[in-house]
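Inspection log for the structure reproduced underneath, given as structure tokens.
Chain naming follows the written order as A, B and C, and within any one chain the residues start at number 1.
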Amino acid sequence: MRSVIVVALAILVLAGIGPLFAPYDPTAINIPDRLSPPTGEFLLGTDALGRDILSRLLHGARWSLGLAFLISVIGLVIGTVIGLAAALGGRLADWVVMRTTDTFLAFPELVAAVVIAGLMGAGTWSLIFALSVTGWMRYARVARGVGLSVKSRGFVTQAKLAGMSPLAIAQWHYLPSLAPSLTVVWTGMFARAILGISALGFLGFGVQPPMPEWGGMLLDARIHMRSTPLQMIWPGMAVVVSVLAINLAGDALRDALAQKAHDA
Amino acid sequence: MIANLSGLLLRAAVVLTGTAIITFALLWNAPGDPALAIAMARYDALLTDDVIDIVRQEAGLNQGFWPAFRAWAQDVLVLDFGRSAVTGREVWSDLLSALYYTAPLAFAGLAIGLGLSLPLAIIATRRPGGFLDRFAVAIASLGTAIPAFWLGLLLILLFSVQLDWLPAMGARTSAHAILPAITLGLGVAASLTRIIRSGILEARARPFLPALRRRGVAPRAIGLDHVAPHAAIPVATVFGLELAFLLEGVVMVEVIFGRPGLGSFLVSGIMSRDFPHVQAVVILTALFFVIVNLAIDLIYRAIDPRIGDSDA
Amino acid sequence: MLKVDHCFVRRGKADALVDIDLTLYPGKTLAVVGESGAGKSTLITMILGLIKPWKGGVTWAGAPVGSCRPSLVMQEPRSAFNPVLSLRRSVMEPIVAQKITLPKDRLARLCDGLELSADILDRRPYEVSIGQAQRVGILRALIAASPLVLFDEPLSALDAVTQKHTAKLIAELQAEEGFAALIVTHDLGYAVAFADEIAVLRAGRIEEMAAAADFALAPRTDYSRTLRDAAIALGALELSE
């Protein structure tokens, strides 16, 4: 649990204060210095419009990581509400919710996101919508599963007898039981969102230029692969390192929880 | 069993209907005039306003969402996707030629993925927690963190640009398929290694194995007859996910390597607002995955008869 | 007054309860005894209003039973508490939910009566002994002064010494608080010692209903006699008179 919190905070801090360390304006065009290799002046070189790549990477964290965080949290909220509704709402609600979940799961998430974002018209809002609407199903499944098992526990009956409202019961009795497993799912979905944002950005359906976003930077860099191959390395590294860090934290958390369940 | 099967078929039907509704809602709300798109799909690209008006009426587009959906669904139900809004060619013939490029690529990717992950997982689980195991897990973790499109770009950079060993763009020769297949295969291998590894470990932790060993059953026979079937269940479960992963990979890989397959077909269809193209890919993909999931459910029940009583 | 008026409950295709007719007055104790599977838990669930009888009705003083906020002491004391919350939070649930103002010394007085030291309430369910957890369970059932308290096998998770002690505490508190108690148990000795009336439940029907003393001396049906003799043989019931 602690490792996840540390990693999540580190990433948020990076996304938040990273831009402060950027030496240049990430969108400032500077044609004389275009496609510069790494130098003392431009530590990671410049792109085709002479923009400083280091500055774009640091500002890009705000887009790539910040949006991924937002999207994974939106999915978490939608999925939890839907999953709990299925678990608590009776057989019909459960059937409807589970078939809806199946419908959304029947389709590769990223492909669905590409279609949705593309048809809505490229842009940040389309991106957020497309990745959120295709990113809630795992949360819903887990929330439903845990919800069903909590439902039969004695303390839920006691809370009902005490006269607590359904909302208060969900808040006090379901959410604490859901929190650990949902956190594990969340780390996975956070990582997926980073990958999704960069994939959509790379296809041109995501965050629009001139905003620096890692996937979009790769799209720009691709054209100049022959002259400045390094330009293509940095944004990809940024994606891999973030995703890897989050995944490892998630694995550690899952193992810790399994150990705890084993001990209890 | 028959009740089970009809339940599964009902679920499949519901899922397909849902997909159709969502797809149509997206087309309905997409910027641009759907009547124009349909008219272009049916006739040729040069249209007068009254033709579009007639189409609008025929397609029920002036009557609101549901009548329009009904008219649209009648064609889609018999898998009649009409003509491309851009090229005017039959969508089906475009689809089939795209499939001609995509299917071999997908198979090659899956084969490479299995060919790498299966031995790696088996070697890794010889000594769980040992050096090889940790190495395999680390490689697999790294592999799942690398976006397919970046991996593809790196391979192009190394093998086409720097070494000039392999062609990168297009699909003229079979050599053109090598880099895309490797890109796809490496991604598949990364996720499969983890799944197969934990499948083997879980199956091995089953309580009946020590008893078999004490009775003197040969380790090889234990592995094949007892561990393998138990490891097969989680593998079957994730097979659908793996295919989904494969298709996601195909989309990105085809775009990067400029291959005229289903993925490029979809992305270019979206960019040029070629609705007949897009809806054909979406509906057929959904159909494909519904069938795959149905098959997995049935296989699942064949391996473990206990499954199916509860509605999961 | 609790009135269970000719109630029928179906579970799946089978009848779980058939023609249950009971009356319980404030301050009195009714013990429902029977084998496992006789429908004891279903009876409790129905009285609490968590399942509805398809025929008949359950009322408290003429109104639906929910209006008196009946409370329940569960068989497995720990699972009756949310493992992540402090016991105090769980105990206070009825007070908070029903927006009751708690008389100043009520909690202290009940804790005293249940022999619970105040600091126990700040622990979590798995940090106290099972006997303590069960007494906290009783505390929660009593805190909001429910006129009707149901006990579902309240002693069965406890060891023999703790059982006697807890049974005595329940009886003392009932004398003080004056609630009506319905105790479901398979322990005939406990039923005879502490209840005013005993109802024998068998396969969903009430086989016999009698005052506790009469029941021990002269069961009216063969089944009741078998139950009683088994209890005597086990040493769970002694006929002192």
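Going forward, contacts are C-beta pairs under 8 Å (C-beta built on N, C-alpha and C of every residue); 3 or more make two chains touch, one makes a residue touch a chain.
Only a predicted model underlies this, so the values are computations on that prediction, with no experimental measurement involved.
Colleague: Mind listing the chains that sit against subunit B and also against subunit C?
Modeller: In this structure, the chains that contact subunit C and also subunit B are A.
Colleague: If you count the contact pairs for each chain pair, which pair has the most?
Modeller: By number of C-beta pairs in contact, the leading chain pair is A-B.
Colleague: Indicate, using Cα centroids, the chain positioned nearest the centre of all protein chains shown.
Modeller: Looking at where each chain's C-alpha mean falls, the closest to the middle is A.
Colleague: Which integer distance in Å separates the CA centroid of subunit B from that of subunit C?
Modeller: Spacing between the chain centres: roughly 57 Å.
Colleague: Roughly how far is subunit A from subunit C, going centre to centre by Cα mean, in whole Å?
Modeller: Taking the mean C-alpha position of each chain, the two centres sit 50 Å apart.
Colleague: Could you grab the centroid distance between subunit A and subunit B? Build each centroid from C-alpha atoms only and quote it in angstrom.
Modeller: Each chain reduced to its C-alpha mean, subunit A and subunit B end up 21 Å apart.
Colleague: Residue numbers in subunit A touching 2 or more other chains?
Modeller: none
Colleague: Would you pull the subunit C residues touching subunit A in the complex into a rising list?
Modeller: Of all residues in subunit C, those touching subunit A are 48, 50, 69-72, 74, 76, 79-82, 84-85, 89-90, 93-94, 96-98, 140, 144.
Colleague: What part of subunit A is in contact with subunit C in the complex they form?
Modeller: Residues 153-155, 157-165, 168, 172-173, 176-177.
Colleague: Mind pulling up the subunit B residues that touch subunit A in the complex?
Modeller: My answer: residues 11, 14-15, 18-19, 22, 26-27, 29-31, 141-142, 144-147, 149-150, 153-154, 156-157, 161-162, 244-245, 247-248, 251-252, 255, 266-267, 270-271, 278, 282, 285-286, 289-290, 293, 311.
Colleague: Subunit B touches which residues of subunit A in the complex?
Modeller: Touching subunit B from subunit A are residues 98-100, 102-103, 106-111, 114-116, 118-121, 191, 195, 198-199, 202-205, 218, 222, 225-226, 229, 232, 236, 239-240, 243-244, 247-248, 251.
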